[in-house]
Amino acid sequence: MDYRTEIQIRGYHADFYGHVNNARYLEFFEEDRWARLENLIDLRKLVAKGLVFLVVNINVNYRRAVPVGETVLVGTTLEKIGNKSVALNQEIVFKETKEVAADAVVTFVIRDADGRAAVMEGDLLEEIEKLAI
Amino acid sequence: MDYRTEIQIRGYHADFYGHVNNARYLEFFEEDRWARLENLIDLRKLVAKGLVFLVVNINVNYRRAVPVGETVLVGTTLEKIGNKSVALNQEIVFKETKEVAADAVVTFVIRDADGRAAVMEGDLLEEIEKLAI
Amino acid sequence: MDYRTEIQIRGYHADFYGHVNNARYLEFFEEDRWARLENLIDLRKLVAKGLVFLVVNINVNYRRAVPVGETVLVGTTLEKIGNKSVALNQEIVFKETKEVAADAVVTFVIRDADGRAAVMEGDLLEEIEKLAI
Amino acid sequence: MDYRTEIQIRGYHADFYGHVNNARYLEFFEEDRWARLENLIDLRKLVAKGLVFLVVNINVNYRRAVPVGETVLVGTTLEKIGNKSVALNQEIVFKETKEVAADAVVTFVIRDADGRAAVMEGDLLEEIEKLAI
């Protein structure tokens, strides 16, 4: 997996138990999704057509607690392009050991100007397929 | 479903798109889990035995965007008691229409003082079964 | 002081030190500001005129750490109406003892459709003076 | 000012108004404080003596709204060492123009093992003075 985001865990990331809170992990995943999408896809071209990314499902496994002071890496790969949806595979790993702290499958649709999930075909499919690289 | 938590959506709950952010939903679910657990289970008794609740998986569907100004209700029911884990079913619904904004299955284990997932039996099972009421 | 917001401190409110994090306090203050503003002022009337509330300064004293499990109350009073700004006095107190956990003076302006701070006079002043009640 | 932290503003940093939320700014300031403290001061030496950093006041000016897509820098300088407290001056500026988005004076004490604010003298003063470099 290709890790683009590096985060040093501070006191404000952690909760009462001294570990990164469940909700905060979703921000870490979101950070890497944007870093990746912006780098590979011309988002302005999509926005100009009234197309909006919309997360419809997140299935996240919390595998190892991350204590304050640790540094983690966040990575994202393309899992699957469906007819009207796309699934990404994401991981948060400890920088040193590469042990997995959390992994998730994040599924999104691309909503068109009429509020419907766009079919993955033509130009749109071409853009999304760049995520596979 | 029994809704214990009521939240009025403010500007600081929403993100750039004017909707409640994906990560914030997890805080809403967490709020209702604690409200429910504290009410039904004697948490001090568990803590005294070195037992800690640990979320291991969240599978959340984002079904309808929640705009600022709306009021939502959060509810939790027991989905399943496994051998070493418990699954809760959670919902966030619009207060007026009861339309589902998001639902989730949240799976947790109870880690004992040795760091292992406790088996759901005896006194512990009795405590956890109170969640079914 | 008139306390409108009651918050039970959960694990996800706290940081590594087991206390409510500095940034989270600002959300508690914001919650009570909105609860109060919505109750006293016809915000839609202001928005229809292109008027927007904009916080320009927050001066917050952290007086006592709030541990997980405590319940706090948040209150807001009008401190001062200036020529082009309004200062609110806000407090977070322990529900039982009324000891102050944090207090703040929050200063905001009302930006008009041209991006300028509106002068507190006429109809606008009348609306804002309702905060004094 | 010496800027150590660089943050690209994402959708999840912003609130309903499309700007970075007031509470989130405090996380940006906290991030840079830790980055700086860890770099200059031997925190383990302080912790070993039972000494804890405790923020007692934040006075923050919100000067320019930061929209999604912008990149900001965060910097910290030593403002003043008092008898029992230290004041830091912090800034969030737009990376390109260096215009100030927000600035703050953050005052902290160092609480000793007995729960009292330590006097800035001897070894402790020597450590804190490193922040001036």
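As written, the chain order gives the labels A, B, C and D, with residue 1 at the start of each chain.
Criterion: a contact is a pair of C-beta atoms (placed from the backbone, for glycine too) under 8 Å apart; a residue touches a chain by one contact, two chains touch by 3 or more.
All of these numbers come straight from a predicted model, not from anything done at the bench.
Comparing the contact residues of chain A and chain B by number shows a mostly shared set, over half of all numbers used being common to the two copies. Put simply, the C-alpha centre of chain A and that of chain B have 23 angstrom between them.
Once the centre of each chain is set as its mean CA position, chain B and chain C turn out to be 29 Å apart.
Shared interface positions of chain C, i.e. residues touching 2 or more other chains, are given as 11-12, 17, 22-23, 27, 30.
Interchain contacts join each chain to each other chain, per the touch definition above. Against chain A, the residues of chain B that register as touching in their complex are 17, 22-24, 26-27, 30, 52, 54-63, 65.
By the touch criterion given at the top, residues 11-12, 14-18, 21-23, 68 of chain B touch chain D in their complex. Here chain C touches chain B in the complex through residues 8, 10-12, 27, 30-31, 34-35, going by the rule given at the top.
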